[in-house]
Every structure is written in C-alpha cells, then in structure tokens.
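Before anything else, here is the set of structures, which you'll find just below.
Okay, so subunit A shows up in both of these, paired with subunit B first and subunit C after.
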Partner chain A sequence: MAYSNKVIDHYEQPRNVGSLDKNAEDVGTGIVGAPACGDVMKLQIKVEQGVITDAKFKTYGCGSAIASSSLVTEWVKGMSIDKAEEIKNSQIAEELSLPPVKIHCSVLAEDAIKAAIKDYREKNKSPTES
Partner chain B sequence: MTLETLNSPIYLDYAATCPLDQRVLDVMIPYFTHKYGNAASRTHAFGWEAEAAVDNAREEIAKTINADPKEITWTSGATESNNLAIKGVAEYLHEQGGHIITVITEHKAVLDACKYLERQGKEVTYLPVNNEGLITVEQVAAAIREDTILVSVMFANNETGVVQPIAEIGELCHERGVLFHTDAVQAFGKMPIDVKAMNIDLMSLSAHKIYGPKGVGALYVRRRRPRVRLSPQIHGGGHERGNRSGTLNVPGVVGFGEAARIARETMATESARIFELREHLRTRLANEVPHAILNGSLEHRLPGTLNMSFAYVEGESLLMGLKDIAISSGSACTSASLEPSYVLRAMGLDDELAHSSLRMTIGRLTTKQEVDYVADRIREQVERLREMSPLWEMVQDGIDLSTIEWTPH
Partner chain C sequence: MNLPAPEQAPHNFAMFGLECRYDIEREQLERAYLALSAEHHPDRVAGADTRTQRLAMERSSLVNQAYRTLRDPVRRAEYLVKLGGIDLDSTDPKTGAPHPNQAFLIEMIEQREALEAAKSNGDDAVEDFCDDVEERADTCLSAAVRALSGGDISQAARELVTHRYLARLLEEARA
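Entry: the complex of A and B
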C-alpha cells in the first residue's frame, strides 16, 4: 500500500499523542473502534468556554488511523465544540488522500471527536438544560 | 549498526519468494538464446537438446524427493499443481466417491479448489487445527469415510511454518486406500522429503521458493503402488504424459532443476545456519519485547519461518515503521479482504493478536547482522507504537480489555 506524504508525516511525527485527565470536568473523552477490528481510537478534548484548548489522542491501528486521529487533534485545537462537531470524515479523507479501503479510518476519527464532545457535554449539562 | 552497512532494504520474506540464484540464472540463459528448441520437437537436434535438458531437470527434482523422474509433471507453479492434484483426482475418481479431507489452514489454492469441487457436488471435510497449528493423524483417521478419495494436507504452512505429521498421515492413507496429496511448497528444499518413506501420492512444488524462477512448478504423481491417475485440467497436445498439455517452459524447468540440485546439496548446512539465525531472532524478540507471542508450534516448524504477535500494536502500522525491512503481516489491513489471517484465527488466536502478527522468513542471503538490525528495529517500533496505543495504556492501568464493551465498526 502506498501512503500519501501527509499520512507518513503524521505517522512518523504524530501530533498531540498523550492523555488528559479523563475525570476532569473540562475534559471530554471518546473511545471508538474495537481491537478485533484492528483499530481503537481514544480522543480527548479540553474545553474552556465552549472552545477546545487542548486535544490528545492515542490510537491502536494502521498508519491511516494514526494519521486521521493526529490530524483531527490538530484541527480541533482552538475550535469551538459546535464547529468541531461538524467535522466530516470526507474532509479528513481528502486532506490525507486516503484510498477507498482506508475511508473507515477517517470515519472512526469523526466518530471519536463526536464521542469526546458528547462526553464533555454530558459532564457539563447545565441544570436548565436537564 | 546503521542500515548503510547492510543490504538495504533487508529482505526477510523468503516464504513469499526468493531471489533467483546466480548459478541458476547461468544455466538458464542458453535456453533463452541459442538452445531454444521445443522439448516436444522429435525431429531435430534443437528439440532433442531441449528434451535432454528437461529430463535432466526432472531427475534433479526426483532425486531431491526420492521419486522416479517419470513421476514429475511440470506445471506453471504450485497453484496449478494444487488445482491439478485435487480437481484432477476428484474428476478421475468421480465414480468411486466424492469425499475429500483437507485442513482449514491450507493455502487458498487448495481451499478454493475444494470449494469449487463442493459446488460440483463433492463433499469436503475441513479439519480444524490445535492452538499450535497442528492436526493429528487420529483426526484424519476419524474423518475418512467409505467414499473418501483424497486427503490433502500441506507439508508446512506458509504463514506460520508449522510442519504437519506428514509421514504418519501418509501411512494411514495407504492403509486405508485413500490417495494422499501434500502441498510441499514451503518445505521442499528446506527439509528432507522422501515420497516413498512418507507414502506421499501427489506433491505440489514450486521453483521460486527455492531460488529458482517464478512461473515454474511441478506435481509429483506416484506411478506405482498405487498408480495415481489424473484428469488433466489443461487440454492440448498431450505433453507431460497427458497430465498437463502445453509447450514446456524449458529455461524455467532447467532453472528449477538446478535450484533443486543446489538446495539438495546444501540443505544440511544451510538449514542449520538458517535455523540458528531464526532462533537468534526469536529469542531476542521474546526476551526484549514484552508480550511478544510465538504463533505456531516451536518444535514442528520450518527452520527459517517465524510468526510472532506483538500485542497492543497493529501489524500494518508496525510494518510502516519498518519500511526498510521487507516482512509481511497477518493484519487485515495488509490484505485485500480486510479480514485478519484465517490461519492464525484457526489456531484460536483472537482477532487482536492476529492483527498484531508479523511473519519473518530467513533465507540464503540473510546475515546475523541483518537479523540483529531487524530485532532492534522491531523492539524500538513496538515501544514507540505502544506509547501511542490506548490498549497498551489500559493494560498498564490494570484494565482487562476483555471486560470493555467495544464498538465494532
């Protein structure tokens, strides 16, 4: 399989590898995928006043899965959570020039950011909303 | 050790194919240029010369497996040999019965030929393997029925290198009057094979796995006790005693013969050297990388083949980090089907470990320096990728991964 230069770049120098405190109020955590399928992504965001100030990931999976999650952490930093929620897998796939058999990696990255935002929102439900 | 001082990139995928030995190429070349006769031309010296060369090659193959030269049928490779053996026997014996026994971890050329026969109304029993990749002779004995015509069990597995109890199965088949075929592509030239002592009736061989040319193979077809008859799968001029028509690839056949001669004459020393290198690689990885798991029996194994899983790291991403090393993975992501290795799964490996597997095969040109370089790089890349792996993190935190509800996609 030939990888695009961008995939190789993210694979060799992944951005924002690591973990945030998953118990912190201002941190949302999304874990998607399954070991049996060959990919698991953990994506975490730190949110201040509706804006993502930090993002970290850990990914078990192929190079394209690592690159997709690395790219998403780069994108969402400084973005409002509403905006981050709108990220589409097709944008990730396009940016990384993923071949058709690797599209599921970008889908997983989209799912991961959505799951992290959902987790954050559930932790921070205001009494009026609930 | 830097890569510049080694052959770059390092080839550790000899089970996939081998470089052509220079000595083999040297004997082939005249048969492309001035000795270009058709081995089937009986009316002139060009044909006789080609036929003599083909006969000489036939002798070399026969000598390597203790067969008669007349028992060697040339083919285009082992896929064709497997197809000819299985479909050819099933078709020829179709009045005697339609039951075939094979193993779930066979090469696709065997499995797909069997599936084809199932669609034609034959019945096939696929024997399961144990967690070491082995079957027992008792399993075969229990599966043989009144209408069983053929047992097909590979000599050594291409993914794991696990060697099946061929002599025992051969003995059983002869007692029970069932033909015995073995796909010996991986074992041929690497360990002693004696078709008489092992009671093998049909055996598939390939040239390019023993430093010969690609596109040439052979099928051993026993002529006496019992005489095995086949229905040809390629019809035409009646070449190869009617088993396989088509003008012979004379340079390829000549190369196969020379490759067999070299393999036979160097087998004892070469296999010992390769075995030592493999054990060096295996023990280094087992000692230096935590959670490195050997796949398949250690005892019943080809000298040069190693298959290991590195838990919590996905195989394709590991290969990507080893881009100057040519090896293969059982990971789904490296296959067209997106399914992890069916061979490893059949051995009871869970999907996660199948995704994490690497196959490394050592061969004639491999050096100790190369093996050490590969061990260093695998250790380093597994460490790097585990730092990035959420599974590794969970395991370090004492979480049992089997208790988590995953979201399969």
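Entry: the complex of A and C
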C-alpha cells in the first residue's frame, strides 16, 4: 500500500513529539487505543484562556496513525478548545489522503484530541458548573 | 468432499471435519487440509472454462484462509469469538472489539517508555522485556480459551483485545 506524500512527511518528521506535564492544571491528556490493531496514542494540550498554546503527542502505531496525530497537534495550536473539539476525522483523512483501510487512524486522532479536551475541562471545572 | 459455493461457505471448522471448539485435533486438520487442497487445486481445472477456473481459485483460497485461521492458536480463538458475535476487526460499538480501560492504555504508553529504556541498556534488557510481554500475552490467551470454554464470549473478546495490544508491543520490541 502506498502512503501519500503528506503521510510520509509527517511520519519522517513528526511535529510536536513529546510530553507535557500531565498533572499540570492547564494540561489536558487524551490516551486512546485501537483495539483491532493495538495502536496507542497519547495527545496532550496546554490551554491558556480557552486557547491551545501547545500540543504534544506520542503515538505507537503505523505511519498513518503517527501522521494523523502529528497533523492534529499542528492544527490545534492557536485554536480555541471549542474549535478544536469540532475537528472531524474526515478532515484529517482528507488532508492526508488516507485510504479506506486507514480511516480508523484518523478516527483515533479525533478521539485523542476530544479526550484531551475533556480531560482539560474536567480538571478546570468551576464549582458552579458541577 | 464437496465445498459449497464461496458465498455460502460453511464455517471453517466444518470445512475440515472438525468440531467447532478451541481444542482441535491437529492431525485431522492437516489431513483434511491436504485432501481439500488437492481436490480444489486450480491446476486440476486448468483446461476448463473461465467460470470453473475462477470458482476453483476462490475455493482454494477459502481453504487456505480457513486453514491459516485454525492452525494459529490466537486466530482460532479470535475466530470462535467472531462466531459468538464479536468481530475483533470491527470498530462497531456493539459487535466490534471491546475497548480496554484507560489504565491499561496508560500502561501501554508507559511500557513503550520502559522499552526505550531497555533498548538503551542493551540486548539482554530487551530480551527480558520481550519475555515478560510474551508471558503476559500467553496468560491472556489462556484466559481467553478458558472464557471460551465457559461460554463467556465477552470475556474472551476482552482478553484477546489485550492480547492484540501486547502483540503489537512485542512486535515493536523485536523490530
């Protein structure tokens, strides 16, 4: 199976690989997995006043999974968390020209950013909201 | 032994005259496989019309696929789970692979970090790491087989999903 140039680019030079302090108040962490293939993905965001100022990921999986998470970290920097929450896997798949058998990799990246935002929101829930 | 058309293929166990359960008679599987392969080998219909040739090809490919599934202990267990209604290759929330809990996923990330550390400590450390993961994977398979024999498909599916994550980790460790 041929990978698209964009997938290869992100795979060979992944952006934003690394970790943020998962215990920090302003960091949200999302860890998701794909049971069918055993891939795991960790995506973290740092948020200031509702805007994502930094994003890091670690993905253990195929090239498409690495590229999907790399792309998402690139996209979400500077984005509001509300906007980032709306990212759809189809946008990721389209940008990377993923073939049908690799669509689940983009789903994983969507799940990861959503999980990170959810984690951040739960950490920063004001008492009146709960 | 006649095979039905591919679209109404019997389940893989029946194809080889085996009972539909995890413990199989290996000799019977090998014998039946050889017989079926000979019977449906595309070479036997080399002079026939295109449709007959295509059918022979499809059947022999079905036999090969079924054989590979049953011969492999993990794939055989996964296949039994599939017959029980859970397809580990599917992401369907109801009939697809069950998701492991968050703690396990976090551990899988931490295991990668442990693997990196092992790799910088040399081959012996990596070997030890692999042994541990392999042992855990074997334990999962045994637990899945026990669950299957007790008729607990969901539990078997959960164990086999864990097995897939561990197999993936092992693959990386040995790369």
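Everything that follows uses one rule, which is that the second predicted complex is superposed on the first by the 127 of 130 C-alpha atoms of A that agree within 3 Å, B and C clash if a C-alpha of one lies under 4 Å from a C-alpha of the other, contacts with A are read in each partner's own complex, and residues count from 1 in each chain.
Definition applied: a residue touches a chain if its C-beta (ideal position, glycine included) is under 8 Å from a C-beta of that chain, and two chains touch if they have at least 3 such contacts.
Computed from a predicted structure; not experimentally measured.
By the document's definition of touching, neither partner reaches A:Ala24: not subunit B, not subunit C. Of the two partner chains, subunit B is the only one that A:Tyr11 touches; subunit C does not reach it. Of the two partner chains, subunit B is the only one touched by A:Tyr3; subunit C is not.
Judged by the touch definition given at the top, the superposed model places A:Ala36 against both subunit B and subunit C. Subunit A uses residues 31-40, 42, 58, 60-61, 104, 107 to touch subunit B in one structure and subunit C in the other. Within the complex, the subunit A residues that touch subunit C are 31-40, 42, 58, 60-61, 104, 107.
On the subunit C side of its complex with subunit A, the touching residues are 88-91, 96-100, 102, 105-106, 108-109, 112, 161, 164-169, 172. Note for the complex: subunit B touches subunit A at residues 312-314, 316-317, 320-321, 331-334, 338, 340, 350-352, 355, 387-393, 401, 406-409. The residues of subunit A lying in touch with subunit B in their complex are 1, 3, 8, 11, 14, 17, 19, 31-42, 58-63, 65-66, 101, 104, 107-108, 111.
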